[in-house]
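There are two complexes below, and they share subunit A, which is joined by subunit B in the first and by subunit C in the second.
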Partner chain A sequence: MLGLQILIDGFAISSLYALGAIGFTLMFGVSGVLNLSHGAIMVVAAVVAWLFAGSYGAGPYGGALVGVLAGVVTAFATYLLVVRPIQTSRSIPGEEKEIFVLTGTLLWGIMLQEAVAYLFTNNPKTVRPLLPGVVNLLGVRTPTNEIVTAAISWAAIGLLWLLVNRTRTGKTLLAASINPRGLTLLGFELSRIYILVWAIYGVLAGLAGVLLGAFLGVSSDNAGTLTASAFSIVVLGGLGSVSGSLVAAYVVGYLETLTAYLISPSIRTVPVLLLLVVVVYLRPQGLLGRR
Partner chain B sequence: MLKSPKFIATMVILVVMALLPLGVGGYILGLLTLAYYYGVIAMAWDLLFGFAGEVNFGPTFLVGTGAYTAAMLNHYAGWPIPVCLFVGAVAAVVGGAILAVPALRLSGPYFGLVTLVAVLLLQNFIVLFAGTTGGEIGLDIPDVLAIDAAPNYWYAFGFMVVSGGLLYGLANSPVGLILQASGQDAIEASALGFNVTKHKLAAFCVSALFSGLAGGMLIFYLGTVSVGTVVDLTIGVQVIIAAVLGGRRTILGAAIGSIFLIVAGEILRPLGQLSTFVVSAIALVVILFFPGGFLGILQRGEGRS
Partner chain C sequence: MRGGLLGALLAAGLCLPATARAADPIKFGVIAETSAIGGASIPKAAQLAADEINAAGGVNGRKIEIVVYDDHNSAADAVRAFQRAHSEDKVSAVIASYISEVVLALEPWAGRLKMPMITPGAASDDITKRVHNDYDHLKYVFHGYLASTQIADSVCEAGKQLLVKDMKAKTAVVMSEDAAWTLPLDNEYLKCLPQIGVKVIDHIRLSPDTTDFTPIFNKIEGEKPDVIVTGISHVGVQPTVQWQQQQVPIPMFGVSSQATSSTFWKDTNGAANGVVFQMASAPDVAVSPKTIPFAKKYTAKYGVTPAYSGYTAYDDVYMFADAIKRAGSTDADKIVAEMEKTDYVGTLGRIVFLGRDSQFTHGMKVAPGYITGLMEQWQDGKQVTVWPSSAGTAKLAFPKFVKLGQ
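Let's look at the complex of A and B:
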C-alpha cells in the first residue's frame, strides 16, 4: 500500500519536476543561457494565476491561462531587459558574458521575488486546482489534481517533443543547439530563434509554476530553491540534454519521495544532493549528457 | 608608487575610516563592522573568480565551516578566541581543499554547481544535527571580541585592511599573474609550463583561509552563530553581488561593493520590503551599463582626464 502510494506521489512530483527543468535545459541547450531567475518566473506565474482565479473571479481555468501568459511575459522581460543587453554589450568581454548573465539573472530573480513579496506578501499561496476532489486509484486515495498535474506535464512535454522533432521550426532549434554558426550560414536569423526559445521557455516555466501552485502551493521565498532544484536536475541529466533531464527529474522525484516516506521528511533533499556530488565527480557530463 | 595620487587618496580614506569611531555613533559603527567582515569574504571570493577564473557559488561553505568550527570549540570546549579562530581557519582550508581537489577537475557550470551543493549539504547537516549545532535557531557563544562598538569596529577594520593588503599583494604578485593567465586561458598557461591546477588549488586554499577567518571573527562579534548569518545561500549571493558590483578582478572593489550594499540597504530602510528590490535594481543597472563596477567607473574617469 505504502509502495503504491510512493509510486503515485513520486510520479506526480517527478513529472512536475521534469516540466520545470525542461525549459531550463532547452534554454541552455539552444542559447547557452543559464537563467537563474527561473524559480522567480515560476513564482510570478503561480501568484498571477492565484490572483486571477481567486480575487478576480476568473475561475481556475481562466486563472491558469492568465498565469501561463504571465510566465511568457516575464520570460520576455528577462530576455529583453537583462539577457539581451548583456549578450550584445561591447564593454563586456566575450569570455565573461556567461558570469554576467548568471549575475544579471540572479539579481533580476531577486527583484521579481521581492516585488511579489511586496505586493502579495510572502505567505504561501495555493492556486485553485483545475479539478477538485479525490479519486481512489488502486486503493490509494489520490487528489484528482495530482493526476491532472502529471497528465498536463506529460502533454506539454509530448507537444514539445513533437515541435522539436517533427516541425521545421523545431529542427532549427535543434540545429541552433548543435551549431549556431552553421545555422546562420544557412541564412537563419539567430535572434528570431532566440525569441522563439524564450517564448517556449515562458510557456513551460509558466505552466510549471501554475501547476506547482495548485499542487504544493507557492511562496515568493521558494524562488531560490526552485531555481536550485531545476539546476540540479539539469546537471544531473546532462546540461542541454532534454531526455537526460526527464530521467534525472524522475530520479530526483522518486529519491525525494522515498526519503520522505521511509526515513524522514526533514532530510528529503539530502540523498539527492549526495547523489548529485557523486555523479558530477564520476560523470561530469551528467547521466545522458554529451561532452 | 608612494607618491601616486591613487595611493595618497587610499591612505587618506583609510585614515578617515580608522578615525570614524571618534565622531560616529555606535549604530553606524555596528553596520560598518558587519560590512568590513563581509568585505573580506567578498575579496577572498574575487581572488578565486577574478583571478583564477572559477565561479564559486558557495563562498558561505568556507565561511560557515570556519565559523561553526570556531563557535563549537568555544561553546563546548571553552577554548580561547585566538585558538578557536586559528582552528576554524584551518578547518575552512581543509574543507576547501576537500571540495576543491576533485572539483577543479570540473569546469564552468559544473564547478559552480558542486560549490552550490556543498553549501546546501552543510546547511542540511547543521539543521540535521541541531542537538550539537543549534540548528536553525543558532548556537550562542560565551566569549565575544569586545563589548563596545568602537573596539569591535577597530578589530573589523584592522582585519579588513590587513586581509585586503595581503590579498591585493598576492593578486598583483607574479603568482597572481599566473593565476590570471590560468583563469583566462588554462591551456596556454599550462603550455607555458605553469601548473594550473596547483595554482588554482592554492588560490582556493587562500580564499578559504580568509573566508574561514572572517566567518570566525564575525561570529565572535555577533556572539551567536546561525545558518542565516554565515551559511545561507542569500549571504553567498550578497557576497557575489558585492564583488561584481565593486569591480571584479580588483580585490579592493569587493570591499567597496560590500560596504555599499550594507550602507545602501540601511539608507533605503524606510522603503521597508522594497529596499532589497531597489538595491538589486541598482546592482543590475551597474552590471548592465558599467560592467567594470565602481572601480571600473573610477578608472575610466581617470583615463579620460
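Let's look at the complex of A and C:
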C-alpha cells in the first residue's frame, strides 16, 4: 500500500520535474543560455493563472491558458530585455558573455520574484485544479489533478519530441545545438531560431508553473528553489541532454518521495544533493552527457 | 530697558525651537514583513489608528506619524531597521513583527537603546519570560498578543465543547511547524488535550519549508486520529489546499494564523472551507464595541479583512498614544511607566499588562472580562465564530469528505 502510494506520488512529481527541466536544458542545448530566472518565470505563470482563474472569473481552464501565456510573455521579456542585449553587446568581450547572461538572468529572476511578492504577497498561491476530486487507484486515494498533471506533462514532452525529431523546424533546432556556425553558412538565421526556442521554452516553463501551482501551490519564495531543482536535474542528467534530463527528473522525483515517506519530509531534498555531489565527482558530464 | 529687550529676544529665541518641537509629529516605527499575510496587516492597521488619532487632534497637540520598515522576515534586517528607527528617524516607540524569532532578536536592542517596543503578533513565551528575568534591562518590551501557552490553553478550553462534545473526538495528532513559537504551544497542547479527554497519539513537527504535505497527511491518516490539532503560521495555504485536494477525512482544528485574514480564502481557492482556527478577535464578533467598527473600516480601506495581527497593531498605536498623552512626554522610561498602568478596551477586549511577579511580565492578562480566545471556522467564504457560545454565531460545519468521530 505504502509502496504503491510512493509509486504514484513519485511518478506525478517526477513528470512535473521533467517538464520543468526540459525547457531549461533545451534552452542551454540550443542557444547556450543558462537561464537562472527559470523558477521566477514558473512562479509568474502560476500566480497569473491563480489571479485570472480566481479574481477575474476566467475559470480553471481560462486561468491555466492565461498562465501559460504569461510564461511565454515573461520568457520573451527575459530574452529581449536581458539576454539579447548582452549577446549583441559590443562592449562585453565574447568570452565573458556567458557570465553576464548568468548574472543578468539571476538578477532578472530576483526582480520578478520581488515584484510578485510586492503585488501579491509571498504567501503561496494555488491554481484551481483542472479536474477536482479524487479517484481510487488500487486502494490509493489519489487526487484526479495529480493524474492530470502527469498526463499533461507527458503530452507536452511527447509533442516536443515530435517537433524536434519529425519536423523541419525542429531539426533546425537540433542542428543549432550541434553546429550553429554551420547552420548560418547554410543560410539559416540564428536569431529566428533563438526566438523559436524562447517561445517553446516559454510554453514549457509556463505550463510547468501552472501545473505546479495546481499540484502543490507556488510562492514567490520558491523561485530560487525551482531554478536550483531544474539546474540539479539538468546537471545530473548531463547539460544539454534532453533524455538525460528525463532520466534525472525521475531519479530526483523518486529519491525525494522515498525520503519523504520513509525517512522524514523535512530532509526531502538532502539525498538528491548528496547524489549530485557524487555524480559531479565521479561523472562530471552527468548521467547521459556527451561532454 | 535694553536688558528687557535682550531678555525678550532671548526668550523668543529659546521659545521658537521649543514650539517647533512641540509641533513635530510623534513617530512610531512599524517593523514587519509587508509581503506576508500576517505582516501586511500590521502597518496598515497602525496607519488606520494613527489617521483616527490625528483626525481627533493628535496627542498633546502633536500628530502621530507611522514609519514603516519591511524586514523581509529577516532578524538581521529587523535589527538594522530598529537601529535606524532609533538613531535616524528618532521614533518614540516601535511596533514589531509577528514572527517570534524576529521579536526575540529585537528584544535586547529595545533594552540597549531604551526603546519602548510591543509585538502585535509574535507568540513565544520567551518574549515575556525574558522581561520577567531581566526586568531592569528589558522593561521596554511589551507583548501585545497572547503567549503560545495561553493560545494552547484557549484552544483546549474551546475544545471542551467543540472537540469533545460536538465533534466527539477522543484522539488527536498534534501537527505543528518547527518554529520558536510552537515549542511552548506544543508542550501545552500535550498537557491540556489529555486533560479535556482527548488522547494525543502522535506529535508531528514539520519543516516550514515543506511544499508537499502528502507524506505527512498519509502518515496521520494511517494513525486514525479523530482530529488534527494544528500549530501553523509560516505555512498555511499549502497544507490546507492539499488537505482538501487529497480529501483527508480528518478535521483540522487549532491555530492557523494565515487563515485569520480573508486573503486566505482567495489564496486557497476556497480549500479553507471547514478549517477551525483560534483568534482573539474576529470581524463578526463584538468582542468589544471597537472590534466590528475597526474590521469594517479596515476592510473598506484595504479590500481584505485584517489578519489577527491587524487588530493588535491597531490597539498598540492607541495604547502607546495614550501612554504618551498621560506621561506628557516621549521619554522612554515615562512611556514604560504609563504603559504598565494601561487599562484599555481595544478591539481585542480589555487589555491590562501583567506585572513583574507574573511569569508573563508585560504580557496581556487572559481571563474572562479581559481577553478571551475565540474559535472561528471558514464556512462558504465567510469566517464565522463557533466558540464561545455567547459570541458564537454559527454551528460547526465540515465539508463532506471530513468524517467526524463516532
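Here is the rule we use: the second predicted complex is superposed on the first by the 291 of 291 C-alpha atoms of A that agree within 3 Å, B and C clash if a C-alpha of one lies under 4 Å from a C-alpha of the other, contacts with A are read in each partner's own complex, and residues count from 1 in each chain.
Just so it is clear, a contact is a pair of C-beta atoms (placed from the backbone, for glycine too) under 8 Å apart; a residue touches a chain by one contact, two chains touch by 3 or more.
These numbers were taken from a predicted model, which means no experiment stands behind them.
Trainee: Is the arrangement of subunit B and subunit C around the shared subunit A a clash or a fit after superposition?
Mentor: They fit: once the shared chain is superposed, the two partners occupy separate space.
Trainee: In the superposed arrangement, does A:V134 touch subunit B (first), subunit C (second), both or neither?
Mentor: So A:V134 only meets subunit C here.
Trainee: Examine A:G209 and indicate which partner it touches, taking first as subunit B and second as subunit C; both and neither are also allowed.
Mentor: Neither partner.
Trainee: Between subunit B (first) and subunit C (second), which, if any, makes contact with A:G20: first, second, both or neither?
Mentor: Neither partner.
Trainee: Which partner does A:N222 contact after superposing on A: first (subunit B), second (subunit C), both, neither?
Mentor: A:N222 sits against subunit C, while subunit B stays out of touch.
Trainee: Touch test for A:S55: subunit B only (first), subunit C only (second), both, or neither?
Mentor: A:S55 sits against subunit C, while subunit B stays out of touch.
Trainee: What is the contact status of A:D9 with respect to subunit B (first) and subunit C (second): first, second, both, or neither?
Mentor: second
Trainee: Touch check for A:S266: first (subunit B), second (subunit C), both, or neither?
Mentor: Both partners, subunit B and subunit C.
Trainee: For A:A117 in the superposed arrangement: first (subunit B), second (subunit C), both or neither?
Mentor: both
Trainee: Now for A:G39: first (subunit B), second (subunit C), both, or neither, which partner does it touch?
Mentor: In the superposition, A:G39 touches no partner, neither subunit B nor subunit C.
Trainee: Just to confirm the geometry: in the superposition, how small does the C-alpha gap between subunit B and subunit C get, in angstrom?
Mentor: Minimum C-alpha separation, subunit B to subunit C, in the superposed model is 5 Å.
Trainee: Is there a shared patch on subunit A that both subunit B and subunit C touch, and which residues make it up?
Mentor: The overlap between the subunit B and subunit C interfaces on subunit A comprises residues 117-118, 266.
Trainee: Using the touch definition from the top, list the residues of subunit A that touch subunit B in their complex.
Mentor: Subunit A reaches subunit B through residues 34, 82, 85-86, 89, 91-92, 95-96, 98-100, 102-104, 106-108, 110-111, 114-115, 117-118, 224, 228, 231-232, 235, 239, 266-267, 269-270, 273-274, 276-277, 280-281, 284.
Trainee: Under the stated contact criterion, what part of subunit C meets subunit A in this complex?
Mentor: Listed in rising order, the residues of subunit C that touch subunit A are 35-37, 40, 178, 206-207, 209-216, 218, 236-238, 241-242, 245-247, 258, 263, 266-269, 271.
Trainee: Quick one: which bits of subunit B touch subunit A in the complex? Just the residue numbers, please.
Mentor: For subunit B paired with subunit A, touching residues are 49, 55, 102, 105-106, 108-110, 112-114, 116-118, 120-121, 124, 127-128, 184, 233-234, 237, 240-241, 244, 272-274, 276-277, 280-281, 283-284, 287-288, 291-292.
Trainee: Taking the complex as given, what residues does subunit A use to touch subunit C?
Mentor: Residue positions touching the partner: 2, 5, 9, 13, 50, 53-55, 117-118, 121-129, 132, 134, 141, 143, 145, 216-217, 219-220, 222, 257, 260-261, 265-266, 268.
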